[in-house]
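The letters A, B, C, D and E name the chains in turn, as written, and every chain counts its residues from 1.
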Amino acid sequence: MNAFDTPKLEYFELSPLLVVFGVALVGVLVEAFAPRERRYLLQTAVTVLGTVGALVMTVLVARDLKEYDGARGAIAAMGAIAVDGPSVFVWGLLLVLSLLSALLFAERQLDGGVTAFAGQAAALPGTEAERQASSQGLEHTEVFPLLMFSVGGMMLFAASNDLVTMFVALEVFSLPLYLLCGLARRRRLLSQEAALKYFMLGAFSSGFFLYGVALVYGYAGATDFAAISQAVSGRVGGEGLLLGGIALLAVGLLFKIGAVPFHSWTPDVYQGAPTAVTGFMAACTKIAAFGALLRLFYVGFGGAREDWTPMIWAVAIATMVVGSLFALVQSDIKRMLAYSSIAHAGFVLVGFVGLYSGGPDSVQISSLQAVLFYLVTYGFMTVGAFGIVTLVRDAGGEANHLSRWAGLGKEAPLVAAVMSFFLLGMAGIPLTSGFTGKWAVFTSAAQGGAVPLVVIAVVLSAVAAFFYLRVIVQMYFADPVGEGPTIAMPSVLTAVVIAVGFAATLLLGIVPGPILDLAGNAGSFIR
Amino acid sequence: MSFPWLTAALLLPIVGSIVVMAMPKHGTIGRQAALGFSVLTFALSIAVALQFDTGEKGYQLTETHAWISAFGAHYALGVDGTGLVLVLLTTILVPVVIVASWRDADVGRWSTNAFFAWILALEGLAIGVFSSVDVFLFYVFFEATLIPIYFLIGGYGGPRRTYAAVKFLIFSLLGGLVMLASVVGLYVQSAKLNGGTPTYLLSDLHPLMQDVSTSTGRWLFLGFFIAFAVKAPMVPVHTWLPDAADEATPGTSVLLVSILDKIGTFGMIRFCLELFPEASRWATPVVLTLAVISVLYGGLVAIAQKSIPRLIAYTSVSHFGFIVLGIFVMNSQGQVGSTLYMFNHGLSTGVLFLVTGYLIARRGSRQIQDFGGVQKVAPVLAGIFLVGGLSSLSLPGLSPFVSEFLVMTGAFVHNWWYAVFAVFGIVLAALYILLMYQRTMTGPVTPAVAPIRDLDRREVAALAPLLALIVFFGFFPKPLIDVISPAVETTLTQVGAHDPSPAVSPGDVPAAEEAHE
Amino acid sequence: MELYTPVIALMALAAGFAIFSVVVSGLTGPKRYNRAKSDSYECGIEPTPQPMGGGRFPVKYYITAMLFIVFDIEIVFLYPWAVYFDEMKLFGLVEMVVFIATVFVAYAYVWRRGGLEWD
Amino acid sequence: MTHLIFTKAGEADLNGPFGNDPLWVVLLKALMIFVVLVLLTLFNIWWERRVVARMQHRIGPNMHGPFGLLQSLADGVKLALKEDLTPKAADKIVFILAPVLSVVPAFVAFSVIPFGPEVRIPFTDTTTQLQLTDMPVAVLFILAISSVGIYGIVLGGWSSGSTYSLLGGLRSSAQMISYEVAMGLALVAVFIYAGSMSTSQIVEAQKDIWFGLILVPSFVIYVIAMVGETNRAPFDLPEAEGELVGGFHTEYSSLKFALFFLAEYINMATVSALATTLFLGGWRAPWPISLWDGANQDYWPFLWFMGKVLVFIFFFIWLRGSLPRLRYDQFMAFGWKRLIPISLGWIVAVATIRAMTLDGGVDRQTLLIAIGVVAAITLVAFFFGGDYEEEADEETADAFDPYAGGYPVPPMTAPAYSVTGRTVSHQTSNQES
Amino acid sequence: MSATPFLTLSAILFTIGCIGVLTRRNAIVVFMCVELMLNASNLALVTFSRVNGNLDGQVTAFFVMVVAAAEVVVGLAIIMTIFRTRRSASVDDASLLKY
C-alpha cells in the first residue's frame, strides 16, 4: 500500500476563486429563498459586492506572492492551480471587467424597466406564456449567479496548472455562457439559435481539447504542466502523441479565442446573444482563453516551440485576414464587432507567437507583458463599445443594423463621440489604448524575430481601421434613414460602464506606463 | 527647471479647442474665442522664437520626462531651426485661417464651434509633431493629427467630402501603420544596441543608429519614408490630396496642405536622414527621381485640371517635389532651401487656397470654365490672387523665389541632371498659374460672374499678414535662414554628407554676424 | 483483466438464455392473424395513431433525469472519498462537507423552484 | 494530481484470491449462479403467491407439484406456448432487444455477490471462492449494471409504440433513477466503515459486527430504496394496473413478457443479496449460530446467505400483501425530498463520527463549525421548504389548455369538478328548502 | 496486453464522433456524437493510465464524466428550447443567423 498524502489547500492564495464561487452559490440561494420582487436588488448587490470582495482578495494575494523558483507565486491545490503573477493579473482584469459586465446585466432602464434578459426562458417566443411572463415583469435574475460561475471558471482557466483542471475550468465557464446566450428578451429566436450554435461548436471543440489532453497525458505520463514541460524538453519518443496533443489542445483553446479557422461561431453568437452578455463574452472569454493559452504553451510546451510556432503563425495570419476582411462587409454592428474581435485575437496571437521573454534585467517588453497589456486595453474597449450598442435602440429593441446608426452624430453627439473613440481605439489610433496595445504586441513579436508577421499585422490593421471608420462615417457623415435611431437614456449603471471603458481607453492611451509595469511585474509563469 | 514653453504652446490650443466646444452654439462667441486662443498661441510661439538661440546647434527649449518606460518612450519636446520655423508657420496660419473661415462652417453638417475646435486641436497636435524629439511621441502626434483633419474634411465641405475624408484617412493610416512597423523595429534595434534598454529619444538614437546593420537600417528607413511620402504627397501616393483639397473648405485645405503635409517633409529630414544616414544615401537616387517626377507630373497635371482647388493641389504636389529634392540632395543649399520652401509654400499656397475659396464661394462653382473677367468686378480679389499665384511660381522678390533658388542650386551641386529636369517644373509653374489667371480673371465678364462682390475687410484682413510675410521674406529671408542653418548643419553632420564645394551657403556668414550682435 | 472474464462468461450465459427464449417463443406459440391484435392496446378504444406527443417525453422526466445526473455524480465522488476516508480524516471531512453543501445549494434551488413537484 | 486517490488499489493485492480460477471453474460457477437464480425466481414466484394468498385468507397455488411448487414452471411453459405478438406501431428491433437488455444485467449483477468463503469443489482438489469474481469497485459495478437494466425498461416502453407502455416505461425509469440516488447515498456510510468497495472485503469488514446494526439509518434508507428500485409494492406505480394496464410491458406477450418478469424477480434477489452483503454480514452466520466455529466454513455460509436473502424476499412479499400503492407525486416527493436530504445529512454525520473516533485529537471547534454550517443550511432549506407560493401563482396564471400534452383533459374549473360533493349537497339542500 | 487496440478503438470512436458532428443534421444526433468524442477520450485516458502506470488518467476520466454530464444537462436544455420553438431539431433549420 502506498503512502497516502493528505491533500492540502492554500486557502489564502485561492481566496479570490473561493470568493467568486461562494458568491455564485449565494446567488443561487438568493434565487431559491428571496421573494421574487427583491431578487433583482439582492442579486445585483451580491454580485457587485462579491466581485469587489474577490478583487480585494486578488490584490492582497498579489501583494503577498512569495518567491518561487525564480518567479513569484505559489503552486496551490496539489499542483492543480498556479497562483503566480500572470494569474493574479488576469484575475484582477477579469474581475474588473466582470464587474462592469454585471452592471450591464443589471441595467433595466433601457427597455422600459426590465432587464435585457428573457422573462421566462422556457416560455416559447410569441406565445401567450411569454407575453404573460413579460407583462408580469418576470425576469431571470439567475443571470447573476451564472455570470459569477462563468467568471470563476475563467479565473480558474487562466490559472490552471494541469490539463484536467484546465478542462474542467473550460467547461465551468462555458456552460453558463451557453445558457446566457439564449436569454435575450428581444429577438428570442436569434438568441436561442445563438445559444445552440455556441453550445454545439463549443462542445465539439472541447471534445478536441479533451482528446488532446488524453494524447499529451499519454506522451508525458502526467497532466500537470511541470511534468509535461519536463517530458517535452526530454523528448523521449512519442513525437506523434505530443504533436497531435498540442494540435488538438490548440484547437480547443483557439476556439475559445475565436481564432480562424475556429471562429465561425463568433459572429452568430455575438449577434444573437443579449448585448450585455456579448460584451462580457467578447472581453472575458478572450482574456481567460489567452491566459490559458499563454500558460499552456509557454510553460507546458515551451520546449516544443519549434513545433508549434509555425502553426500559430499560420493561425495568426489567417485570423487577422479573415477578421479584417469579413468585418468590411458586415451590416450589423454586433457582427462587425465580432469580426473585429476575431481580428484582435489575431493581433494578440502575433504578440503571443513572438515568444520573447526579455533578458533577466532588461526593461524590454516581453511577450507575456505585451499580451496581458493588450488584453487589458481590448477588454475595456470592448465592454465599453458593447455598452454603447445597448443604448442605440428603436421600437424593436436594439437597433443593430448599421444603417440605423446613420446620423447618430447629430442625434446624440456624446454617444457618437464616445463610440467613435472606442472605434478609433480598436483601430489603433494613437492617444487611445488600442494604439499602445498594438504597439506592445507588435514590438514583442518583432523582438522575438517575427518581423514578417508584424508587417502583415500592420498592413491588416490598416484594413481593420477601414471598417471601424465605416461606422464613424455612418454616424457622422450619413443622413438618417427614416425615423432614425433613438438613444435610450441609460441608468447610472450603463453610464458607469461606458465611462469607465472610455476613461480606461483614454488613460491607457496616454499613460499606459503603470499598467504596463504591472503587467511586467507580473513576472513569469511558475511551474 | 525653466518654463515649459513648448508644452504651453502645445496645450493652449488643445485647451482652447475644449473651451470652444463648450461654448454656446449660437452667435459668434465660439469663433471669437477660437481666434483669441489662436492669437495667444501665436504670441506664445513668438515668445518661443525669441528665446531661440540661433547660434546653438541641436535642440533648444527641451523638456524631457520619462513617459512609458517599458516602451522607452519619453515626453520630450524641443525645437531646432526647422522645427521652430514650422511651429511658427502653424501659429501664423491658424489665426489667418480662422479669420478667413469665419462663416465657412455655418453651412456644415455640424456646429460652427466644432469646426473651430477641430482647427485648434489640429494646431496643438501639429505643434506637438514639430516639436517632439522622441520618435514615439512624434508618432503619437503624427497619427493623432489625422483625427481632426478627418473630421474637418468630412464634416465641412463639398458634396463628396465623405469619400475624400475616408480616402485621405486610409492613405494616411496605411502610411502611418507602415511607419509603425518601423517604429517598432526601431525599438527592437535600440534595445539591442543599447544593451537591453530601449529608447526613443532622438538624442540617444543618433549615436545608436550608426551601428545598425545596413539591411535593417534600410528597411526601417523605408517604413518611415513611405509614411512621409504619403504625407507630403509624392507621386505615386499623392492621389488623396486633390480629392481632399477639392472637397474641403478653403481653410481646411490650407491647414492640410500648408501645415499637415509639411509633417512629411519635416519627418524626412528629422527621421529619415538623421536616423538612417546610410539608408538615406542608399535611397537618394530613387528619391530624387521620384521628386523630379513629382515636380513634373504635378505641374503637367495641374495644367490639365478643370477645378481650381484641384489645380492648386497639384501645384502643391509639384512644390513638394522641390522640397524633397532639396532635402535629398544632401547639401546645405538644398536643405536650407527646402526648409525655407516649406515655410514659404505654406504662405503662398495659403493665400491661393483662401482667395480662390472666396471666389468659389461667391460664384458657387469651382470649375475654371465658369469664371471669366473677375478682375473687372473684383479687382482686389484678382490682385491678391495674382500675388499669390506669382509667389507660387517663385517670382523673384517674393519669398518662394529664395527657397526655390536655393533648392535648385543644391540640386545643381549634387547632380545637374536633376536640376535640369526640375527647371522644367518652374516653367510649368509659370504656365499653370498664368493660364489659370488668364482663364478666370481676364477676359469678358460672364453673366454669372457679374454679381460677384469684391473682398470685404475681414477677408482682406485675413490675407494681409500672409501677403506681407511673402513680400517681407522675399526681400529679407535672413532671419529664417539664420534659424534654419544650424539645424541643417547638424543634419548634414549626422548624415555624414559634406558640401562638395566650399560652403557658399548664404546662411552661414550672416548667422555668425547675428550671433555677434 | 482476469477479474472480468467471469463476468463475460455469465453475461454470455444470460444473453444466450434470453435470446434463446425470444427466438423460441416465436416458434412455439401459435400464429393467428387478427388486425385488432397488432394494434396498440388502449382498453378497447380506438388507439391513438402515435404515442402521445409523437414519442416524446414529458418535460417533467427530463428534469428528473437532470437531477439524477447531478446526484449520481455526487455519488461518484462520494464513493472514493468514503473508501479513503480513514486516511484523509479531518481534511476529507471538511472538503466533503463543502462539496455536499454545494450540491445542496443546487438542490435547494431546484426544490424551491418547484423542480421536485409532480402532478 | 499524481497521487490523489486510488493508489491503494494497487492491482496485485487487489485481485486477492480472485481472477486465478481455471476456465472450467469459472464456467461452472457461472452456470451455478445461473441455475440458482432461475430456480430462486421460480421459487420466489410461488412463495409470493402462497404468502399473499395466506395473508388474504386464500390458499394459493397448490395443484402442481408438492404444495404447488411447480406452479411457476407450469406458468412458464404456458407462456412459452402463447402467441408472440408484436404491435404494428412497434420498433421491431428494439422491441425484441428490450427484454434481453433487461434480463442480462439482472444476471450479471450477481457475479460479484459473495455466497461464501473459499471452498473446495466436491470431487476435485480445486479450491475456489464461493463468488464468481470480485473487483475493487464491485458495488459500483452492481449499480452500473443494474442501471443498464433500466434501458431495457425504457426502450421496451418506448418501442412498443403505445401510450401506456411509454408512460409506464418513463415512470418506471424515473422511479428507478430517483431511488437509485437514495440507494447510492445509503451505501456511502458502508464504504466509510469498510474502507473498500469490494464485496468480499466488505463482508470481511463485518466480521465483528454487521453494518446493519451500527448504520441503522443507512440500512433503513437502503431497504426503502431497494423496494422503490425494484418497482415493487407499495412502489409498483409503473405497473399500476388500474392506471397503466401493466406499464411498460403492456404490449409484451409470451416469453418476452416472461423475460421481463424474470428480470424483475432476479432484481429483487439482487438487491436483497446486496443488502445482505452490505448490511447483514453477507454469508456470515447470524449470532447464535456464529458461536459454532464451523459455521463460516465449507458450504454452510451459502445456507446463511440464502436464508438472509429469503428474509428480504419475504419482506418484499409482506409489503406487497399489506400496503396500498402510493400516489405517484407522493412517491417521488418521498424519494427526492425526504430520502435524499436525510441520506446526505446522515453521511455527514457518519463521517464526523468516524473522524472523531479515528482521531481523538480532532480540532473540535472546526468540527463544530462545519456541523453548524451544514445544520444551518439544512434547517434553512427545510424551513423554507414546502412553500411554493410563487410557482403556484405562475401555474394558476397560465390559461388552461385542455390539450396540454396532447390529450383532451377537462379543466379543473369544469362544473363536474369544480364543486365538491359537499357543496353540491349543500346547494341541493338550498334548492329544496 | 497491448494498448494499441484500445487506442485504435478510441481513435476510431473519436473520428466517428467527429464525422458525425460534421455531417449529421439533427441536433440531438450531433450532440450524441460530441458525447461519443468525449467518451473516446475517456477510453484513451484510461488506456494511457494503464500504459503510464499511474492513475491520473482514470481520475481525469472521472472528471470528464462529470463534465460530460453537466454538458448534457445544459445542452439538452438548449436543444429542447429550440425544439419547442421550431418543432424541429435540425441544425440546418437554425439559420436566422446566416451571414
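Operating definition for what follows: a contact is a pair of C-beta atoms (placed from the backbone, for glycine too) under 8 Å apart; a residue touches a chain by one contact, two chains touch by 3 or more.
Source: prediction; values computed, not measured.
Peer 1: With chain A gone and nothing shifted, sort the other chains into their touching clusters.
Peer 2: Excluding chain A but keeping the rest fixed, the chains that touch end up grouped as B | C, D, E.
Peer 1: Per the definition at the top, count C-beta pairs in contact and tell me whether C-D or A-E has more.
Peer 2: C-D
Peer 1: If you average the Cα atoms of each chain, whose average lands nearest the overall Cα average?
Peer 2: Going by the distance between chain centres and the overall C-alpha centre, it is A.
Peer 1: Please flag the chain sitting at the greatest distance from chain B, going by CA centroids.
Peer 2: Farthest chain from chain B, going by C-alpha centroids: D.
Peer 1: With chain centres defined as C-alpha means, what is the inter-centre distance between chain A and chain E in Å?
Peer 2: The mean C-alpha positions of chain A and chain E differ by 25 Å.
Peer 1: List the centre-to-centre spacing of chain A and chain C in whole Å, with centres computed as mean CA coordinates.
Peer 2: One centre to the other, that is 39 Å.
Peer 1: Rounded to the nearest whole Å, what is the centre-to-centre distance of chain C and chain E, using the mean of the C-alpha atoms as each centre?
Peer 2: The mean C-alpha positions of chain C and chain E differ by 20 Å.
Peer 1: Can you compute the centre-to-centre distance for chain A and chain B, using the mean CA position of each chain? Integer Å is fine.
Peer 2: Here chain A and chain B have centroids separated by 44 Å.
Peer 1: Among the residues of chain A, which ones contact at least 2 other chains?
Peer 2: Within chain A, the residues that touch at least two other chains are 4, 7, 32-33, 164, 222-223.
Peer 1: Could you list which residues of chain E touch at least two other chains?
Peer 2: Each of 54, 56, 59-60, 66, 70, 77 in chain E touches at least two other chains.
Peer 1: For chain B, which residues are shared contacts with two or more other chains?
Peer 2: Within chain B, no residue contacts more than one other chain.
Peer 1: Residues of chain D touching chain C in their complex?
Peer 2: Those residues of chain D that touch chain C are 5-6, 8, 15, 18-21, 26-27, 29-31, 33-34, 79-89, 96, 99-100, 103-104, 106-108, 110-111, 132-135, 140, 158, 160-167, 170, 173-174, 177-178, 180-181, 184-185, 187-189, 191-192, 194-197, 245, 250-251, 254-256, 258-259, 328-329, 332-333, 336-337, 340-341, 344, 347-348, 351-352, 354-355, 358-359, 362-363, 366-367, 370, 373-374, 377-378, 380-381, 384-385, 388, 391, 405-407.
Peer 1: Would you pull the chain C residues touching chain A in the complex into a rising list?
Peer 2: It comes out as residues 84, 87-89, 91, 95, 102, 105-106, 108-109, 111-113.
Peer 1: Over in the complex, which chain B residues touch chain A? Could you list them?
Peer 2: 67-72, 109-110, 139-144, 146-147, 151, 154-155, 161-162, 165-166, 169-170, 173-174, 177-178, 180-181, 183-185, 187-188, 191, 196-198
Peer 1: With touch defined as at the start, can you tell me which chain A residues reach chain E in the complex?
Peer 2: It is residues 121-122, 124-125, 163-164, 167-168, 171, 175, 178-179, 182, 188-190, 192-197, 199-200, 203-204, 206-208, 210-211, 213-215, 217-218, 221-223, 267-268, 271-272, 335 of chain A that touch chain E.
Peer 1: Show me the residue ranges of chain C that touch chain D in the complex, using the header's touch definition.
Peer 2: Within the complex, chain C contacts chain D at residues 2-7, 9-11, 13-15, 17-19, 21-22, 24-26, 28-32, 37-43, 47-48, 50-53, 55, 57-58, 61, 64-65, 67-68, 71-72, 75, 78-86, 89-90, 92-94, 96-97, 100-101, 103-105, 107-108, 111-114, 116-119.
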